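Data first, discussion second: the structure below is written as structure tokens.
The first chain written gets the first letter, and so on, giving A, B, C, D, E and F; residue counts start at 1 in each chain.
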């Protein structure tokens, strides 16, 4: 696949990248076996690349009352709602792997209300959809509902933060026509 | 998986079905290797079952200027827009098989505007989305645009008919909480 | 009025129709005094015609906890919401006759919330609007509410099925620019 | 029918009305043969009543490039879009009479795009819908389109003014649950 | 600023206005120190001008359970929702003055749910938004909620009436591209 | 004003902040004369704070074909559309200062289509609104339109990036109920 498929914008050669970005790209390649296109597409703007992944890591790698699979559920549900092909396909793969469940990503993408997830997780995704589509109406009652499901206020920040960050990511991927790598589609689909 | 998972409504035992329905169910089981849940869920109402599949067959098996893969694209795009898990998962599998393409179903489901399909197919799906969401505004200009892409008036009827029929199917599947069979998720995902 | 007014598509001559369709058309003409245009417009595709009317009959003629007038209320309310002139005008006439009430059809079409109908019927139409516009969110609470108004689960299937079927019908009528017969407008308007 | 049906608010006795209002009510009763409920419901607030009908008369009785029937089309189309039973039923009757056409009011209410009206009248109603639903986006191009159909700038003011005024009327009628008089439903339905 | 900036339509010379309108314009100029453009823009149609301001005065100057500041909150919240620059800027100024609060107008315009206002005032604005955007669904429960906050039925009419009237005003201002006077922007911004 | 007003979440004491964050906060205080609340509210999560401001600086301080005032227009228009009080009030102040224009911020917030800005700037904001509300439909034609107005592809990335980043910011501010500092409201309102 040519670089032209990855993004509307020029995609830099890995060897020409600033050293810190090059190291990050090579590390993910080492781990995943390929370079996810988001790294190449966003490297067009090194400063924004650094901030983007710093934000990403701050939200997705911190200690949290949300499991790693739950965080990916938020990404998948809001990304399908925003029509973001890159994030649904790439994070769908990660969700299948994190949840050790080959079915849950497609279920959550199309209609999380009918997915094989817990009522607590559905409440989490209801709130994510409100933050994504109607954040001006977020109110105290939303916090009461979420606490009722066992979420701490820090967990609630995590839900909102991941939703808001992937809202940015979805808009950037849609705007640049970022293409998901072919490798993602089948990852994690074998029963564990 | 228990029958309770398939639908909110009672799911009849295959052996207790009227003979014509039983034969249809056994035929699909023979061919697919399992019974797609839509056959079991809708068999709760035999008369509606017969009309549903007669309509389905009339639209999907007739000679048409639309290929079988194109017809499945319409199903997948409109079903994701309607949040119908059953139809996206089941017809996503069929689309992968018909198109001999392991990627196209997920692309079309999330955002057909960025899928690896032709401009003609994007125009077809633009029209399907208009029929699905704003049929009252369908107008002569829509026909002009589609003819420009080489669709005959009979092809256009096929696009609208499939969209309208799966709009019915999506609503029935959502209302009954119809569950896609586990088998569908991985079908057709190996490169051909 | 010329045949050209009835539909964007060619309208077959009654005498050239397949025998079973011709018999159905003549039977309705005998009963109503004229041939409703939906029979002529859909006869352009005999297989779809047969499936359409089989589905229609399965839903509208079966024994049900919904009266025949209530079933027509569902058709009229959802058809106006979908902007379907044919179905509002034709089924408005049928509703006036079934309900023996010259006012109720226009009331239900424009705003069923203010119509001279029972709270049970308003709950039925609230659910029909949800199935029509947001079926992905149909949930257990909707069933609880409807059972509270005395609807059985089979009655609820009837509400959803009629809504879904006329969603198909509305899209086909809008897409073909199907014209309501002049005779429908004044039917059932005299006080009973 | 009891006064309680006419409005959520108290409906004054005609004899207790201020003299000018009483005279207007008696004049309309003389002409129509009954008192349209809007006169009784709004008489609850005499100052607002006077301003409402002064505005109404300013728009609907002035010399205009819009015929009286065209002005009623605007009322009927926007009122159905706003779900206002009173205005669709009452002004539907007036439209049938002004247009000497028993069919046009129901056509325009449900879907003016398919009504038996001219392209000029459809452009008029397209603009009315934009003023009603998205006035912030009204722009120079809208004026160009309308002038192309032969509307003068004063005619365009009439379209916008009638749409805006009946937007007020629709909201007041919906809020007060104003009931259309039974007499309106059948008026003007006999072929002229 | 030239007259051309005030409105798409011709703006009459004050001296050429009918005597009653001229007197009203001069009175407001005397009081405010300038002539608000709405007076000049609407004077293009004297009869509509008279009805407009009669309606305005009937709602905004009558005795009411709503304070003058509360009435302006309704204007500001609904006008921003309708994208009406004239009404947000002009009535924002009036709200700051009536409330003796330099911050509240911008808060209410952007998101009244987070403004420094009382729960009663938020309930008032929730209802105003429903009347503005979904009046067909106004129901008994809305009245119960508002009465719970201490609003009388006459107060509720005031909320709905002001919302409906400024819905008309917003549409006329948007349609004519009515320009707010420069003087309004800074009025009432000094701490009281 | 107590810290409780600034955010739903605990607001750290400046002296307890990590050194790099403390220095940034003190620098902005030195320059502005007060600490904008966004710095205090987001300091609750130091890693996210660092990423947020790194992203902010990457977009707003880089060389660009967009002027600094134009970048603030994007912030103000999208933030009002998202109902974000903090961003409209704070960035409205910055826009007035950058543009040396006391009127433009309120105009752009309420309805940029009628603001005293250039056609090029309106095209920029049309695209920002599409990225904000319908990014899945961004297409080649959007780029053609923007290039026609003189925007380079890098400028277009700036428009989309600022829109996407402030979409994140709006959601975080709405979710935390972040309060704009009182100082912002009157800044830049004196004619320059």
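Here is the rule we use: a contact is a pair of C-beta atoms (placed from the backbone, for glycine too) under 8 Å apart; a residue touches a chain by one contact, two chains touch by 3 or more.
Note that the structure is a prediction, hence the values are computed from the model and not measured.
Novice: Which neighbours does subunit A have in common with subunit D?
Specialist: Under the touch definition, subunit A and subunit D have B, C, E, F as mutual neighbours.
Novice: I'd like to verify one number: the distance from the centre of subunit D to the centre of subunit F, where each centre is the average of its C-alpha atoms, in whole angstrom.
Specialist: So the centre of subunit D lies 44 Å away from the centre of subunit F.
Novice: Averaging over Cα atoms per chain, report the distance between subunit D and subunit E in Å.
Specialist: About 24 Å, centre to centre.
Novice: Which subunit D residues touch at least two other chains?
Specialist: Subunit D, residues with two or more chain partners: 83-84, 111, 113, 136-137, 174, 177.
Novice: Can the chain contact pattern be summarised as a line, a ring, a star, a complete graph, or none of these (other)?
Specialist: other
Novice: Run through the chains and report each pair that touches.
Specialist: Going through each pair of chains, those in contact are A-B, A-C, A-E, A-F, B-C, B-D, B-F, C-D, C-E, D-E, D-F, E-F.
Novice: In the complex of these two chains, what residues of subunit D are touching subunit F?
Specialist: 136-137, 139
Novice: For a test of understanding, state which residues of subunit A touch subunit B in their complex under the given definition.
Specialist: Going by the criterion above, the answer is residues 79-80, 83-85, 88-89, 92, 102-103, 106-107, 109-111, 113-115, 174, 177, 179, 182, 185-186, 189-190.
Novice: Spell out the part of subunit D that touches subunit B in their complex, as residue ranges.
Specialist: On the subunit D side, the touching residues are 111, 113.
Novice: Mind pulling up the subunit D residues that touch subunit E in the complex?
Specialist: Going by the criterion above, the answer is residues 8-9, 44-45, 47-48, 50-52, 54-55, 57-59, 62, 82-84, 131-132, 135-138, 143, 153, 157, 160-161, 163-165, 167-168, 170-172, 174-177.
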